[in-house]
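Structure below; questions to follow.
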Amino acid sequence: MSADAQMTRISRPLQIAAYAFAALVGLAFLYPYWWMLVSAFRSTRAIMDDPLRLLPETLDLSIFTEIASLGGVSLARYIANSLAITTASTVLSVVVTALGAYALTRKPQLPGFTALRYGFLVTIMYPYMLLVIPVYLVMFKLGLLGSYAGIVLFLALGPIQFFLFEQFFRKIPGEVIEAAIIDGANEAQILFRIVLPMASSITVTVALITFLLNWAQWFPVLVISKTPDTYTLPVALLSMNTELGANFQGIMALAVITTLPVAGLFLLAQKRVMAGMASGAVKG
Amino acid sequence: MTTTLETVWHNRIFYLFVLPFAVLTILFGVWPIVLSIMVSFTASATALRPNPTYVGFANYAAIFADPAFLASLLRTFLYTAVAVVVNIGFAFGMAVLIDSPLLRRGGLLLRLALFLPVVTPDVAGYVVWRWLYDRSFGAINALFDTVGLPAFAGLTTGPTAMISLLIAELWHHAGFYMLIFHANLAIRDRALEEAAHVDGATAWQRWRYVILPQLKPAFIINTVYALIQFLKTFTVVVVMTKGGPNEATNFVSYYAYQLFDQGRYGEATAMASVLFLIVIGVSLTIYRLGDREAAR
Amino acid sequence: MRFLKRIAAAAGIVMAGALPSAAQTLTVWHDLGDNGLKWFEAMSAEFAKQRPGVTVKSLSYPTDQWFGRVISALNTDSAPDLIYNNYERVIRIQDQTGKVSDLKPVLGKVTDKAFLTDDDLKVATYKDRQIIIPIQRVQMGFGVRKSWLDKVGETFPETWEDAKRVAGKFRDNDPDGNGKADTFGFALEAAKPRDLIHILDLFSFGTGLRHTLIDPAGNITIDEPRHAAVLEEFLKTYTSYKFVAPDTINHSFTEMYQVIEGGRGGMFRVGDWNVKKWDGEKVLNGDFVVGKWPKFAADETNYVVIGGMRGIAIPENAPNKALAQDFAQFMLSKAAQQASLDNIGAAVRGDLDVAALSPRSQYFAKAEAPLIAYDFPEAVHPFYPELEAAFHKKLLSGIAKPPADWKPFIAETAREMRELAAKLKAK
């Protein structure tokens, strides 16, 4: 650090400018959250009259009873859906992707493995919003339309989970595996007794990141659901236009409920999450 | 000499491990895409029937003859190009700032502020931005008004709508690219830099010859991610402009999505296939270019 | 012993007869939101009196999702029992799927239907198939903020000149008294092609013109003198007159309602389905007057416009088709129609109890003002949706970049529409 400091002449004014600029950018990025939060407590009329107000006139909590039921489904149900679907898909995603990435990195030359890997990578590049009809058809043929299972299964695949696990498994020294084989362990034992314990930290990271990303997913949930009963919070926010239309305060209140849990989770686990996300793309 | 079948049987445990992953990828990844491509070769009105009529490349011919699609394609390219440059530039600048000794404390706070929008549900974030931009009720114009600046047209005119979308998307995505740059900056070889400094290199020369080359992989990967992301720009249009004003933000993915509503499935999936090929093509090209240079 | 057995057997038979057939549920998909859900609940309760054990469950989707879901459902044989929406939307469903059943025989069995006019039935018929049973007439009128009129010293505008004067005052004279220049003369919408429909209909039909774009014979009407004059005023309202919020080009009905309910717009379209909400305390609290759309010339008549017709349709592959048909017939009954009026503010029957409604709702329900019906070109010309989309896109481009003189623009639009109509007809 001090080497850096020597190399860049640090002048006081420059440092102050840097801090000022950083503060400006940081606050600009955080302002939308503040606005969202404050607006949830102000009436639509008040928001329209004085958008810049930094604190709500009153802490009017009645809006939450107003949006307690949207489109015939209770808010509690939407929240429960978000929790259940996100958790289930996260668990499934971690398990499936870890196993898959392990197999693909241990024995990349096996017949069909390269094709599978490329197939997976290529599916990320397809414009997902245009898969409406095919996903609908596939779910229909599998009998999963409108079911939680369908949604959870669909959300279980994600690129970043795969990259993170792949990168981790690639870094396991070959000698560790070889030593285990010499000791007579079979593949299942190698995986469960040696590799997975090593992966406990990365697994937690992947789980956190997956949870954060899956919570925000709205498109698959919208397509696969048959009724609003299975909507998650982001979908409710998008779809309840006709209900909430001009109820601006209601929209913001719902946005707060949608954002607060993941924002909170992120802030608690920020070190892990940011380190994980970054490492997913450090040349590897 | 073992046959394929023997290899598979010998390694059956690995096939077992990869089975759930393969099943999910095929069922929900590959199969829908194949179906979609198949639909692009059918006549729209018959697409969902058990025995659709196949019309070869008629849909592809139709969309390339459609001036609205061509305009949409152009718009998408323009937006993507600008968005990628702006996002990467901004993210890089922020990463450098955070990493530099100028910002000894507060680096973490800035990183949090920049990354929080990445994990915020995009729908919620864009709903807020939509209202911040509103010409009559929005906070941005209220601020400009207080400070004496002219009103910002926000989402009401074509060019400003594109800018508004860009800013909102930057807010949502730049943090991710910044993180990657920052991580790569953090692991760079400072001994090299010191050596260069001792040799009398200026800051600019240090950057040009020592630091930036080490960041090449980060630039490549960020560019590929950003290209894939922005070519498919969709949610922000759904929430903020619905393709308007007057088609100004009607990018390919949204235009095709609208066609679904009109039941023009064949054309919509043809557009999707075209976009798909573009994304693959562009990503591969950048990746190859990068690899070739790295192997210099 | 045998005696007891006989009694038990008899009791069994009696119980079996008295028990309702296994509880059945009918599903309906609509886009009417919470009010619609309440309406169907009320009808379900009433229907259960005739058919014990039957429940009617309705689901509301935002309109654009409703389309996608209905089309997919009908095409994949996972259809609901009934669908409910505006006739032109059901027409599109029929075009996309071909699976909307013909309700002529079903309506034929209803005896109490004198209130359905020939026009109603014409609208409900598409390519010789009666695709809906009309259930609600969609009425639209002209709404003006009462307190604002008082503040600027005006009365309800009868002519278009009056309306323009009032719009200017609403914009300039701070009618809501908050000291800020944040009010607009009109609250309108212009985000997507179909957003223009109702407003254009009001401008045109409201002053007695019978067609907005094309007449039943297939002639384009927009450059006829009266039509062109109205169209020019329509376009100027969005542009040079500065009567609307600058954002209007991004506004669909949701945003338009936000402007109205947020107290920023002085004059606006009022649909019979809006009144209930806007009467609400937290909303406009009844502070608006409903009347006919202003007339363009003093010697014309102005009207409340019947902008559409909503009806119930039954998919060919409905799971409980016979029961669905019974329910469809039931929806024309007095009880069902009263529930419709109470919850949605619209119906087709004329003999309903309106006493409990607000004065503004009664204005529509009693149909005291002269009514003019939309010409329903979708039911006449199969190519109409595409033609209309092109027409609206052209108008929107004009609104986005207003020309100095509208007359050449209108002439050019008329020419383009004629060419397009000829091309589409030939297909």
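Per-chain numbering from 1; labels A, B and C assigned in written order.
The rule is short, and it goes like this: a contact is a pair of C-beta atoms (placed from the backbone, for glycine too) under 8 Å apart; a residue touches a chain by one contact, two chains touch by 3 or more.
Predicted, not measured: the structure shown is a model, and the values here were computed from it.
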**Request:** Indicate the lowest number of steps between chain B and chain C, counting one step per move to a touching chain.
**Result:** 1
**Request:** Would you mind telling me which chain pair, A-C or A-B, is linked by more contacting C-beta pairs?
**Result:** A-B
**Item:** Euclidean distance of C-alpha centroids - chain A vs chain C, Å
**Value:** 40
**Rounded Å distance between chain A and chain B, as computed from the means of their C-alpha atoms** = 16
**Item:** Junction residues of chain B - those touching two or more other chains
**Value:** 48, 136-137, 260
**Item:** Junction residues of chain A - those touching two or more other chains
**Value:** 48, 132-133, 137, 248
**Asked** Can you list the chain C residues in contact with two or more other chains?
**Response** 68, 72, 76, 182, 262, 264
**Message:** Per the contact definition, I'd like the list of chain B residues that touch chain C in the complex.
**Reply:** 45, 48-49, 134-137, 153-158, 241-247, 260-261, 263
**Request:** Note which residues of chain A are touching chain C in the complex, please.
**Result:** 43-45, 48-49, 71-72, 132-133, 136-137, 140, 145, 222, 226-228, 239-243, 245-246, 248
**Prompt:** Where on chain A does chain B make contact in their complex?
**Reply:** 1, 3-8, 10, 14-15, 18-19, 21-23, 25-27, 29-33, 35-36, 47-48, 50-52, 95-97, 99-104, 106-107, 110-111, 113, 116, 119-120, 122-135, 137-138, 142, 153-154, 156-157, 186-188, 191, 212-213, 215-216, 218-219, 233-234, 237-238, 248, 251-252, 255, 258-259, 262-263, 266-267, 270, 273-275, 277-279, 281-283
**Prompt:** Okay, in this complex, where on chain C does chain B touch?
**Reply:** 64, 67-68, 71-72, 75-76, 92, 95-96, 182, 191-192, 245-247, 249-250, 252, 259, 262, 264, 393, 396-397, 399-400
**Asked** Considering the complex alone, what residue numbers of chain C touch chain A?
**Response** 31, 33-34, 37, 59-63, 65, 68-69, 72, 76, 78, 178, 180, 182, 253-254, 257-258, 260-264, 282
